[in-house]
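Letters are used for the chains, namely A, B, C, D and E, taken in the order the chains are written, and counting of residues starts over at 1 for each.
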């Protein structure tokens, strides 16, 4: 189906099912239970899951296949966001032109940076991309303030022209991002007994785009082009002596992944029309690297899992404060309750970084193939064939 | 619950507030203090503890039964002092936890970004620490309120003191954090000091991420300036001040005068970071625990008893914002943001620490007394780092809503959301 | 003219921090080939060795002074450091005053142990793993170390002042005053750099480790216990990072985040210097330090706005495009 | 005029003269062997032909065009394929994928963005690859990961990868080193058959005299960077200079 | 502790001379692939043993197992060298105990010159031949001593690999296809050297595809097939046994 092998079709169908049903899957706990803290099925986070999923899928096309480790991909995401917000300011609040512009501009920007950076390999390449991204960040933060609004971030205001739309709504508010009138902010709630599920327009727009992005990435992985990219990672010498010039292939991969990043950036701005410079900083580039490795570089689904995991921690774990802990353990005698809260305290809430750090270490130490390998092991434990298999390419360093 | 006409209308028993503070990153200590204050405020609102400022507050509608009879619950989030992250965190509080009011933060960039979000989402934003003119200037929003002072007010309060201490004939060199707060504060201070007759020799923007300012300090020595104004805060301030002292600026004589350093915006937590270097340096602050009015004393006692050390200005602002919100809701008799906005606009109150205070309707800026402080030469304790040189009355720092430094934005209309 | 001299000094000074950090990083990254994102954390821990020693020296017993009150109106508690009690007012105060230089002695064993534990406990298992895995695990470690320090010392910078005697300014050149501690830091970095070079130059250690990196298996076949040497190398690197941190305290008050602030920059310095080259790392450190200082001069910024914030990256790009392996890089290391 | 014409080629490494005044002409559809002591410059010469090294002096013409100044992939596209002394294969890829890449390269040229095709839809290429694998006795290993193959297998795979490109000129640097006798014999047969059936010119470097004398139509003996003699195999065998410099006493071909 | 195991169970082993190097019931794995499947054989002091077999038979794996490299893992079995239990050692300890391996892909260390490659071998005692003596044996290496090892020609690299093994004072030399890529004259040369050091008491295991050559040099031969020993006996026996040669060596 869809021009894919059976295995890949299954994977795609699973991903479609998971994303479409995400509002249910991510809200497994009844609204009133103590575990409701762990529900992640609210629009903003669901959007983040898929948007960062797109970012990581794109990054993986470059890193997972060619082994070229870019440390500056956040720059493309940022450029995408700025383009989209400018579109909202100047043109209209329809997200379609915004997203198209994001992808195009990010593509052009990555073409330029890739063309220069790909003159070098290995760590030298990584540092070149890092340097470009840090320069973009520093400039966006300071001298480019007229375009980027500096540290505060580029926002839409009541006096933007929006030549194809309206500057303000009748009641004096800023209009809302939409897709031909369907507002991204629109949500519908569904209450089923103790459970409550939220369906968000914005999420489904992102989800559909992520599925498309994922589908394209499968096609790329299974294509001759994808094979060339893996060959580049494996042995550039042999590549040359087989009559192939690695550079255009890596450049194409770089630009494709830059466009994915641009798409993610454009979507982020479409869901929440603000573009901040920090999303171009090296930490943001590092984050997508971590997502990809954590999930399993070079695997199809891994980056999405990694993105989900990191975003989950950032958004859910950071919210568990002592108060919440006390409610959980309130059934215990006071002394024990305080002890439990005391033990967990450093790891949740503002300590979420600590937990994330520990998880990074545990995952690499025990699951060298990332979360995907964890999934495979569980799959094997139940004697089934591994459900989320991927290419035969194993993760290799960015030599 | 979306049929009540506004976002996140609370149920009958509880109401959820969102405390969005920096829990990681360079302002994490301030964030922690803000959180303490919020917890204390919630305790007081729910009828626990000694009631803190509820007893001294001029409005008496709060009775310790929560807000409009609903028990106050809260969620916390981490802004990481980044606009993006702060917005994400606030979004999740609104979307996931059903927070009806967002408060907190420790940076103007964050405040502006979150305020914009709250406006769009239709909830109230009670800003925490934010000192940029823009927050209630060009970036003001109908759903947002600020109980902190701003760059203009600092300048207005500082200028007479500076004149008294350092005279009218000074050449000032500014180092400025390169973002909204730095720019507006620098603009305000420069304007106010120039009005005294000072000359602004130079203004150098420094990256927010900078840690070593030595290469920005060195040129100061050469510039002929005799005052250095550090429009820095947090880690930036600690480091730039330390560097300036290391380079011997304070012992220098220029133009026949002692070289002076001014840090227009002080906080006790930062003063602790800067250690010895802070001694004798003048700046302004929103509030200080040594104030002797009833409200301040009640708050310091309540906070100090619970946590063992006095509250910072961050804690003070956040505590007050929470009570003010609760009070406004109670007076309005509704959680509807538009009703709350109405109740807060033009609200005058007292007993919250800085004397009689006004929440101005035109821009949602509050006007109250501003403290001019100086690093204490002989601290008696680890908390006793600043001495209050002058309490500048509110009237002296009040400006008209169309002041050019605040021009540009529109308040818009209140947005109750869904 | 004075301004230029001053900026050169400044650059050398900034450069000595970069060079020291990059030197340690090169030992791990350029020589052992491990992408160590925890290197910044080692630097930070070094700085917190000073803080800790200062805290230890300031350990006090408490007496209640009924004549004074604290902020809540209760009788005030007066703290007297034990050191002062034991050694008397003046000696005790001097010891406390000199806590940063003293911390060098304190930090060396601590850093060696940390380096040892880190290598044996963690890094050892990652020599053969892809760089990507190394990034993930060391980044995780860096976060953990950083959070632990934050849990103990809070998030705000903690002052670790230089000894009174070294905290003034000195006249380095006629008419040029420069903070004494920064001069000390510069000299200190030269000594450390010299010591590391001497060790690697005058022993076969460097060659063996390089060989071990290129081909552990074969080196083992030649009877060399490479693990031991890797551990030692790691310990030295951790030590260098730590020393850089200890002495840095008086320049910028240590905070839990200082390592991350330096991390990316130090990778840039190492790579610009050229992978696997110690002299390269040191040279690049000083070069970038000086350029950064110059770029923040007023007239330069006026000429090219924003240059001060991008200069390092811009220069890095130019150098890497002109010289494929950075200043002095060796062929085949992480290419 | 041969398909490959090497004129006056010289190459130095620092102070070392690795090649000097090398002249060589390989006629189309023949097998030309290059032998000589270790370090004589054989591999260096080969490197000059494929663009890995650029000679300091002289010219290299292939099929009427100069190869000098072209990058390796361009030279390969001209029709020269090379097997390395230590196997260069794609070690993260399966045997079959290793075979597919040269096929794509041959069909599509140096660059073609087939990002949306499926590899498997290329049934025709797959058949071709399988055919070739069968020829080198490796069909049963088609899905194997090449990293875990024994070295003999790697060599055969590399050779198959080069052959499947149907080059006009095949350069072999010690193709049978480390191969078991049986496989060596198979390889000899394979190369013979290829030369006859596919119109291929072969230049081979080899220390195994059995291979050299079974395959070569002409032999050049290189010593210290210069050709010592060039002749037909029968003449070389008995050549005293060659015996002394290279074959030694016990050489049995 | 250093008690020698009882090898009398080894039926193939008729010799009476005490074994110098003994391999007993060795099983080696690469990850999950089971390669060497329980082999046992002895080598006597001062003899040359030819270890033969087809490609992939497990010869290299056997040598690497004996040299105690990390890969393959020896999951079961014992290896004794001159009363020392090699199976309890790591490769560097085995090297100190007197083992020298010339690996099949030569493994010249990149980034090091020829001389450094040799010096590296002499960092830990016991030290064997002096550099001068090695350069006498392979003058080519002497000429190239300042050149980076990996830029040597294939044959020169092979010489360097052998020289590097001899630079240590070893008791047993394990050679994995040492003639590969060498000109016939050099092969003669090396063969001479092997004879020479054998006379000086060196014990050698020789893996070689050129079986005839190897058998002419060797005293005894062991033939491996798919990880098991199919023959253990005198070299001459193999040369004479047409069937054996055809079946396992294809000659």
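To be clear about the criterion, contacts are C-beta pairs under 8 Å (C-beta built on N, C-alpha and C of every residue); 3 or more make two chains touch, one makes a residue touch a chain.
Chain labels with UniProt names: A = ABC-type branched-subunit amino acid transport system permease subunit; D, E = Branched-chain amino acid transport system ATP-binding protein.
These numbers come from a predicted model, not from an experiment.
Steps from subunit D to subunit E, taking the shortest chain of touch contacts, total 1. Distance from the centre of subunit C peaks at D, each centre being the average of the chain's Cα atoms.
Ranked by distance of CA centroids from subunit A, the top chain is E. Subunit B and subunit D have CA centres that are 76 Å apart.
Computed centre separation for the pair subunit B/subunit C is 35 angstrom, with centres defined by C-alpha atoms. Taking each chain's centre as the mean of its C-alpha atoms, subunit A lies 34 Å from subunit C.
We define each chain's centre as the mean of its Cα atoms; on that basis subunit A and subunit E are separated by 53 Å. Counting partner chains per residue, subunit A has residues 138, 141-142, 353, 396 touching two or more of them. A list of each chain pair in contact follows: A-B, A-C, A-D, B-C, C-E, D-E.
Interface residues of subunit D facing subunit A in the complex, by the touch rule stated above, are 50, 71-74, 76-77, 81-82, 84, 88-94, 97, 100-102, 104-106, 108-120, 122, 145, 161, 165.
Residue ranges on subunit A touching subunit D, taken from their complex, read 3-5, 219-220, 222-228, 230-231, 233-235, 237-245, 248-249, 252, 256, 392-394, 396. Here subunit D touches subunit E in the complex through residues 13, 16, 36-40, 42-44, 85-86, 148, 150-153, 174, 177-185, 207, 209, 245-251, going by the rule given at the top.
The residues of subunit B lying in touch with subunit A in their complex are 2, 23-24, 28, 31-32, 39, 73-78, 82-85, 87-89, 91-92, 95-97, 108-109, 112-113, 116-117, 119-120, 134, 139, 178-180, 205, 207-208, 409-410, 412-413, 415. Every residue of subunit C that touches subunit B in the complex is listed here, in rising order: 2-3, 6-7, 10-11, 13-14, 17, 68, 70-72, 76, 150, 154-159, 161, 167-169, 177-179, 181-182, 251-253, 255, 257-258, 261, 292-293, 296-298, 301, 308-309.
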